[in-house]
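Please find the structures below.
There are two complexes below, and they share chain A, which is joined by chain B in the first and by chain C in the second.
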Partner chain A sequence: MYEIASKKELAPDIKLLEVYAEQIAKKVKPGHFVIVRVDEKGERIPINPASCDVNEGTISIAFHEVGKTTMKLGSLNRGDRIANLVGPLGNAAELGKYGRVLCVGGGVMAAPLHFQATSLRDAGNELITVIGARTKEQVILKEEMRRISSELFIVTDDGSEGYSNLDFLEGLLRKGRIDRVVAIGPLVLMREVAELTRPYRIKTMVNLNPIMVDGTGMCGACRVTVGGEMRFACTDGPEFDGHLVDFEELMVRRRMYVSREKIAVLFYKGLGGCT
Partner chain B sequence: MIKKSMEMPKQRVEERIRNFNEVALGYSEDQAVMEASRCLQCPKPLCVAGCPVEVDIPSFVRDIKERRFDEAIGKVREKNSLPAITGRVCPQEEQCQKTCVMGKTGEPISIGRLERFVADHELQRGVKVPPKPRPNGRGVAVVGSGPAGLTAAADLAKLGYEVTVFEALHEAGGVLMYGIPEFRLPKRIVQSEVDYVKNLGVTVKTDSLIGKLYTVEELFEKGFEAVFIGTGAGLPSFLGVPRENLCGVYSANEFLIRVNLMRAYRFPEYDTPVWVGRKVAVIGAGNVAMDSARCALRLGAEEVWIVYRRSRQEAPARLEEMENAEEEGVKFKFLTNPIGFLGDKYGWVCGMECISMRLGEPDESGRRRPIPIEGSEFTMDVDTVVVAVGQSPNPMISRTTKGLQTTRWGSVVVEEGTGKTSIEGVYAGGDIVSGAATVISAMGSGKNAARAIHEYLSNKKVR
Partner chain C sequence: MSGLKEEPRIGVFVCRCGNNIGGVVDVSGIVEYAKTLPNVVHAEENSYTCSSEGLSRIKEAIVRQSLNRVVVASCTPRTHEPLFRAICEEAGLNRYLLEMANIREHCSWVHIHEPEKATETAKEIVRMAVAKVRFLEPLKEPEIEITPSALIIGAGVSGLTAALSLSEQGFDVYVVEKEAEAGGLLTNFHTLFPSGQDASDFIESIIEAVKGRRNITLLASTVVREVRGYLGNFEVVAQQINQREVRLKVGVMIVATGAVPLESKGLYGYGEFEDVVTQLGFEQLLKGGLPENLEKIVMIQCAGAREEKGVTYCSRICCNVALKNALYVKEKKPDIDIYILYRDIEAYGRGYVDYYQKAQERGVKFIRYTMEKPPSVTEGQNGKPRVEVFSPTIGREIDIKCDLVVLSTSLIQHQAGRDLSQTLKVALGSDNFFLEAHPKLRPVEFAQEGIFLCGTAHGPKDVAESMTQALAAASKASIPMAKGTVKTEAVKAVVDEELCVGCGACVAVCPYSAIEWLSFGQPKVVEASCMGCGLCAAECPMGAMQLRHYRDDQIVPMVDSLFESKRATVLGEEPSVVCFACRWCAYAAADTAGVMRLQYPCSVRLILIPCSGRVDAVHILTAFARGAEGVMVAGCLRDGCHYIDGNIKAERRVDAMKKALEVMGIEGERVEMFFISAGMPDRFVESVISFTDKISKLPRLRRASQEGGASSV
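Up next, the complex of A and B:
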């Protein structure tokens, strides 16, 4: 059991939990993920940590309450316990000195992006950062990101803050000011970023979040086609070269259980019919 | 002399295909005593030689015959720490029962069923906590809590070592928990056998993936004096044919982990879903394929096909498992090989392109090699596919342990009979060494390694 040290609401339905996990805190690096199982009947879901604190022996995880598991997770408070927390899993992200790095984070994934961006800055890179969200209210970690970036842009789907799409990146890329790109977020966002940078041949790393079960290389649920080959996001990734990823296939696979997830949420909210 | 062995009662087919309860119900006391009475008590028993963990079979069978059930289980447990499990999943027909003298003129003694009987008898009455040996203060780490790891841990604990078992998943038991379905091996049985090992003084740490949380090297730094690697064959093989990543195509590992470990058959009470359509094809004909097919039936599939590239004779599954599957309505398509999948506009599998095969000369495995028959391509309508064509050794430890010698198939190289690896103090056993094999052979190698670790540490100075 893993005790919750603190809880914070980053935005409506987006929460950050700091959890005691001493050994994981010592080992976790940006790019890694952990598997969370909330309780005895819970499913195993992968989450990319948003930070770690070796002194406190904690890691923190940010999540958007969109399904039953994240809703259950969001209902927990300081002092409550999570049944299982496994990690660090996957491979750490590449964190070299590249020069000027464009960091793009979408939705709740801006949190793990912040973890990675901080390390990239510490490695001597200059950061230009983009945070995307559906609405102005859902933009998270703006100030934290501003502190480590030389430039910060906000993009919202509804245009309530900043740009309403990523077209403005074209200008940055054309000027040849970017040496490397890191994108973490929804698949549509990562695909769009990869497509924007492809003509400029700027290395673009994406952190994939397919459906996983064990997260240790045993089930193959997270298989993804990268450069025409079958790879497991859990053990070969989750960071891959975005120009080689078959996003179309992954988007379809990601939606495999959508109908079941809806049923689970209905039952969780007590609307599941005659039970 | 009674030539026929006592039948074991089973759940009726019509009922059992609608539930996940255990199919085989086990002997009653009288049935067990009658079966045990058939044993000739050979002065030179051939059955014992067929047992990878050397259980004193004639003695425990005689105890059953004379209704001394507690003594019987005591004799089994001297050599076998997981009798309720082996009594259910051992291929006895290939081992102890194969050499039984009774088998020459009739049916061999049903040793497996008798073992299961005494183990269940003990579980029902509450397992006696074995006397704990005096701890010798020396720590051994066991990586993986499957049959190899649990056996090594139990044997080492009995010798006084302080054993910690590291398990990556959230429940101990390895393949016994995630792989073999409830209806063949109830999970409460696995849990009580794990509890027995814990009662010997073994610590089990779940959620601990060695290679990531700690490396093998770090285990030594933490003070463990020897490490046993029993991480199994958990890497699923795929077919490598076009469109294998369509939705609805599972590896057998994924399918079985969802159903068994995550209890997806009880969704939405349990949170993990599994999706099974109307017409399911399971590729392969081993025990894992039979397990997958029978799970699919119970999850409501209308038709379940086992599709295998060779013929019935070459199928690697136990005969009993194939019979159970057939009885339940699983259909078999032999000499058929999938060459690709077809998807609908939503990205879900809707068909499987196949080619018919014929058998040629035997290959290196001794089985006749399947050869495609040109022009025999055809399509099967399927909406769910489970690929059960084998698993290879889990690469996590070999990828993260410097100096650990492996074969080109990824299995750990060990000295025969001891499990000693290329690194001092590191031993390995089970599927990580042999590739996918049986529960009992993994247990046998765990036993050998425990013996070798004891010898190694006895000759090494206490730190």
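Up next, the complex of A and C:
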């Protein structure tokens, strides 16, 4: 059992839990993920940690309450316990010294991006950061990102804050000021960033989040096509070269259980709020 | 929850429809009952609500009683809704604030012998309509401008003919052709039947005419890569081979991508022996003149066609092509022997039977074969083909050593056509050809507005038919352009951004690509592309996506109201079944069942939905939680969905629902998917009877606190 050290609401429905997990905290690096199981009968969900604190022996996880499991997770409070926390799993992200790195984070994934960006800065890179969300209410970690970046851009789908789309990146890329790109967020975002950088041949790393079961390479549920080859996001990734990822296939695979997820949410909420 | 600005003031108009309704149910009783329902401030009966007197009474009541909602309890909305909507509008009420209660087709006509039960049933139907109308919202039908230009995909005889027609009407036309030259399949033909006219001359004259038109732009070696937008405003990205992409803005599109003859290696030795060619190959051969040293030719009809699997259809033109080529050869060299091996000669169409007779008179030998014992082609002496065929007419094998075997192979869809169907998101039939919206009522257009089709892209046909169809498609396509603007449906998807979590399920499920997925996961409905099926609303796990006029908070109250008061004892022990019926098929079948006076039990209550794909888990669960013993989800036949494949998605959801119910301890068989076309009233009635029967044999569900997941009541 893993005790929750603190809980913070980053935005409506986006929560950050700090959890005591000494062994994981010692080893976890940006790019790794952990698998959380809320209770004994719970589903296993992979989450990229948002930070770790070796001294306190804690790691933190940020999540958006979008389904039954994340809603359950979000209902826990300080002192409550999570049944399992497995990790670190997967491979750490590449954290070399590249020069100027463009970091793009979307929605709740801005949290693990912050973890990774901090390490990239510590490795001697200059950061240009873009964080975005569907609305301005859902933009998280703005100040934290500003502190580590030389430039910060905000993008919202509804235009409520900053730019309303990523077209402005064209200008940045065209000037040739970017040496490397890291994108973490919704698949649609990572695909778009990869397409934007492709003509400029700037290495663009993305962190994939397919459906996973065990997270250790046994089940094959997380397979993705990268560069025409079948890879496991859990043991070969989750970070891959965005220019080689077959996003279309991944999107289709990700939707495998949509109708069942819906029913699960309805049951969890007791038929939903419509009645 | 639906954000009503003012308290609903509902008027209920119950129609006697002469004796049609009044002769069975107690109309006055229904009126009295309606007056007791919440927010009903006016209720009256009419002899014929649809008569001018009935209509003026509605108008008068709206004004005098300040009604802001109207329920007409009469016949099916499928025929009479426009009339009542128009009257509401005349009285200053938004046309979408009307709801119809179908107490004729779904009640008085189908429960003729049970007047008491029918009356109680009618009360329930009215109650459900009143429940829904309270939550209806005024809607607008947006008007959009039409760009007066057309894109025609395919520069064969059909595409070019359509282009000429639109150009002559004064519209700008872009014709995109994937090959380097225009002309399509006809450029490979030698002559045309039945005139014997030179095919090249014919198609060249059309190409010349097209090139002479200033408002036609012909883009060869170009494929359509991406299409966005909707009727009136399509944005097309076309890619020219080895060149830059071209961006076009057009109001309408016509698909005229044609077909190709099947060329299957190994079929009767095709691709293995040099002297086995297709009819098209033979035509090309004839272009260079009749080859010397030909003494015997065997033509095999239905080569790779009308099979049990694969190409099951008849390609229609091959018999006439074979007759034409045989006659040509006979005319040039009467002493060449020609054998036509056939299963049936389909010399359909004007003048073609004469053609067939002429061929017989000229000495072409026709030998019938059967599908069970098809001919075989092997290599004979001197490397020439040897054809063996069993003739059922004379009951023995015939052995023909010939110089050339000509295969009349079927016309098939090509890969580029399949790719295009994906790009345009338009349907293909089970034969892989493009599928029209309706074979009789909308024969040259797709279900999607603004996209039309013609020629062999739609299925095998001859040149004359292709051209006729091209002219029809051009004519249809010109209508919106000539009008300049078009009013679109008000029933569209709408997203509640607060509830949305950006999962993209709606984007993926939309059959019309009408939902854009913005960078950070926000869905955006492109209203003009949205056809109003509601698939996205049912797919949305958060209830954030809704379909106007069929919102969850408009459908669920209908279910709630059905079970909110105790069922009348006269309705007896029949289990209560809720049927979500697709407007286009199942609901229509139920209407027809009424027209035919087919009788079925009073157990079932229909809820009208635009597509079975709109049925949401929350609707089904609510039905069970409130009191339903069974739920029917009824859509169109498997390949007949009005919205491409909403019914298939509905079936998948019903399957998931069955499993979910089992988990809750409810028998999965209590929810069932039905596929019923509008022309199948019998199947509808039979489904209701057998489903009710099945459900009545199950123990009654225990509700409220006893049930696990459904206990939130």
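As a working rule, the second predicted complex is superposed on the first by the 271 of 275 C-alpha atoms of A that agree within 3 Å, B and C clash if a C-alpha of one lies under 4 Å from a C-alpha of the other, contacts with A are read in each partner's own complex, and residues count from 1 in each chain.
Note that a residue touches a chain if its C-beta (ideal position, glycine included) is under 8 Å from a C-beta of that chain, and two chains touch if they have at least 3 such contacts.
Keep in mind that what you see is a predicted model, and the values were worked out from it rather than measured.
In the superposition on chain A, A:56 makes contact with neither chain B nor chain C.
When the two complexes are overlaid on their common chain A, residue A:230 makes contact with chain B while staying clear of chain C. In the superposed model, A:122 lies in contact with neither chain B nor chain C.
Within the superposed three-chain model, A:241 lies out of touch with both chain B and chain C [touch as defined at top]. Look at A:165: by the touch rule set out above, it reaches chain C but stays clear of chain B. By the touch criterion defined above, A:261 reaches both chain B and chain C.
When the shared chain is aligned, no partner comes close enough to touch A:22: not chain B, not chain C. Overlap of the chain B and chain C interfaces on chain A comprises residues 252, 255, 260-261, 263, 267, 272.
Of all residues in chain A, those touching chain B in their complex are 23-24, 27, 37, 41-44, 68-69, 83-89, 213-214, 216-221, 223-225, 230, 235, 249, 252-253, 255-257, 260-261, 263-264, 267, 272.
Considering their complex, residues 168-170, 178, 206-209, 212-214, 234-236, 238, 240, 244-245, 247-248, 250-251, 253-254, 257-258, 262-263, 267-273, 275, 346-347, 394-396 of chain B touch chain A.
By the touch criterion given at the top, residues 1, 497, 500-505, 508, 517-522, 524, 539-543, 552-553, 556, 560, 617-618, 621-622, 625, 652-653, 656-657, 659-660, 664, 709-712 of chain C touch chain A in their complex.
Against chain C, in their complex, chain A makes its touches with residues 13, 64-67, 106-107, 132-135, 155-158, 165-166, 185-189, 192, 251-252, 255, 258-263, 265-267, 270-275.
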